[in-house]
Amino acid sequence: MPIITLTTDFGTRDHFVGAVKGSIYSELPDAKIVDISHQISPFNIMQTAYIVRNAYKTFPKGTVHIIGVDAELSQHNKHIALYLDGHYFICADNGVISLLTNEIQPEKIVEITIQNHYFLPFTLENFVKVACHIVRGGTLDVVGRRIENIKKLSDFKPVVTNDNSTIKGCIIYVDNYGNSISNISEKLFKEVGKGRKFEIDTRGHIFKKLHQKYSDVVTYSEDTKEYVSKDGEALALFNSSKFLEFAIYRSNLEIYGGASNLLGLDYLKSIEVRFF
Amino acid sequence: MPIITLTTDFGTRDHFVGAVKGSIYSELPDAKIVDISHQISPFNIMQTAYIVRNAYKTFPKGTVHIIGVDAELSQHNKHIALYLDGHYFICADNGVISLLTNEIQPEKIVEITIQNHYFLPFTLENFVKVACHIVRGGTLDVVGRRIENIKKLSDFKPVVTNDNSTIKGCIIYVDNYGNSISNISEKLFKEVGKGRKFEIDTRGHIFKKLHQKYSDVVTYSEDTKEYVSKDGEALALFNSSKFLEFAIYRSNLEIYGGASNLLGLDYLKSIEVRFF
Amino acid sequence: MPIITLTTDFGTRDHFVGAVKGSIYSELPDAKIVDISHQISPFNIMQTAYIVRNAYKTFPKGTVHIIGVDAELSQHNKHIALYLDGHYFICADNGVISLLTNEIQPEKIVEITIQNHYFLPFTLENFVKVACHIVRGGTLDVVGRRIENIKKLSDFKPVVTNDNSTIKGCIIYVDNYGNSISNISEKLFKEVGKGRKFEIDTRGHIFKKLHQKYSDVVTYSEDTKEYVSKDGEALALFNSSKFLEFAIYRSNLEIYGGASNLLGLDYLKSIEVRFF
């Protein structure tokens, strides 16, 4: 039976998440529900897209992803369901889908038209009914009417200067470790850089080197025959999602901070890669 | 197989929740466990009742709800299990059940009398054994002895003035968005108001209108042919639980606040509805 | 089918936990995954060991525990899998296993040698593959090569003075209630104390009594025929893990604090038990 995942800005104290799960189990006693995140910053579509984008592909094809962020049904915020990259997504037509991928187009999109007889917080009841319908093998056409266009949002795209000397980007996410993830992909970096030397200017710090992984800053001392940890050292690397990321080795936001505050690389802070 | 839900004040960092789940799976390898909340403010019975009350009904009939708040077994805090509204509840006799509902009486209540051979934090082991017993189809009488009375707690009830002109209530919960939920139900509002005009005084803000949903504050501009979002606008509405709630449209406590702080509508703050 | 548990320092906002679960379900559609904690303080091996140590035993024998803390694969941080006390553990060779138990030796340890074709944050992909292999009934020898030694870390051990008059210990964990747990076990206390009188000096507070449970501070008044709660009273007891713990009765860190701050008993604060 396909999995249903949940991504919301409900937080985990209130009854909202429990109520959604109860509704799903009431419809579908054998449902398999997996939480992706309930800690999205309220109404933050960019953050939602970042998290869903990085999580959904690891799930089996056919998984149904409910996105309960900014999802109150209204004239200007329709409910949609769609099939994209082998996965189903159920969400509001608030632009979040356009941020998931630039490269893959949804194969099928419907505006959800089933009635909801009562309503859950932020009308997720609609989403629950559609998710259970899909999990039971139903088609999108039964729960909605085909539409071709959904709302487009642009995320912050890096800019390449005309002379191909510079990529200007910005920080689009700060993770649990305070690592700052930029919108500059490894692909773009390589296409523009073509193997040239580079420096990465974060206004405050210049990186002249990219590491393969965080622990590459650890060095082996021939003198002491021991590994020398470099806790607190700043580094830049392409992370597992293949985007340029800035980190402080073994950072801890609770205790001594991370790249986001120690390097001043908070959300939307601009950075620049210069090739020469 | 019936679901077991967990509502506790354990938080999610410590080993407590994992240990309870491990104990359940050790008793009942095929258990289906659903978290309602582990972020209850420690020992807060009112908050516990609010959350369980709003979540339990969405689960299938026959679900077993473990409430692990203020649950250390003692002479003055007995362990009980009961059947109420088609659901089983296992908790301490600390008043939480009396806050779940005023209208429905438990059909059967037992004081738990099985021995616990070892003890988990706050003796939830007892609860685990009883929950697994019920899930396996056992009766309450096997694990306890029938009692008729349980501890009663009163929640904050709204007061209607003798002339039926005013309902005085207060805020009983603040949710993840900073929305402030009062103890004034739509039912009471309509019974007292009988369709009269009204104003809602929160001491600082007068609401003369109730919205159907949050996004009703958004308006359509004939000039620009666009929807005009009203982020930050204060509104009042009956929420999905049918209680009077105050909200700031698209609020975010992390960034710019919600009704609880921007309107000063924190827990127990009094409000007044005047009809005329 | 054996359970897979997850203990990480990933937090619950980011996509990391969802991505790990998606990977597991992609390998093993019927997997049973249980979260122990994702709120470990980043890179904190001591805290990880404390939480895993107190949770793992409640799970059925044969459970597979993934520990995703400080787990980036490198020359100096190998990936290991082992069988210990009837449970499987998959983690980095960073010392965490040596902190789980002093008394039980792993029966079998392998250094994981399977290739990982792509990588998840901090290379948990490796752990996922090994966990699924074990759950499917595979042996450790297929995924790694036998090793005999793993990294040893010492936790903070209590010291007994030569004359057996004093145990010097320290606080090793502060829980969700602000309760402060020391490294002095009930076993050591009894072996050294041999039933003598004692006082426990926390530098600021002297405890001359140990309670059996938290609510033992509540007293029954013959005058009023009522129980008198003692909210805010400091107490010492052996907790459910059988270690000396300091608590404030019904403490709440959000509102008025707990033993950790009210008694100044934060992490690593020293305490002393004197017998006479």
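So that you can tell them apart, the chains are marked A, B and C in the order they are listed, and the count of residues begins at 1 in each.
Definition applied: a contact is a pair of C-beta atoms (placed from the backbone, for glycine too) under 8 Å apart; a residue touches a chain by one contact, two chains touch by 3 or more.
Just so it is clear, the structure is predicted and the values come from calculations on it, not from any experiment.
Counting steps between touching chains, the shortest path from chain A to chain C takes 1. At the interface between chain A and chain B, under half of the residue numbers involved are used by both copies, so each side presents largely different positions. The rotation relating chain B to chain C, fitted on Cα atoms, amounts to 120°, rounded to the nearest 5. Computed from the mean C-alpha positions, the centre of chain A lies at a distance of 31 Å from the centre of chain B.
Chain B has residues 12 in contact with two or more other chains. Of all residues in chain C, those touching chain A in their complex are 9-23, 25-26, 29, 41-44, 70, 72-77, 119-121. Those residues of chain C lying in contact with chain B across their complex are 3, 5, 7, 12, 32, 34-40, 50-60, 63, 175-177, 213-216, 218, 220, 227, 239-240, 250-255.
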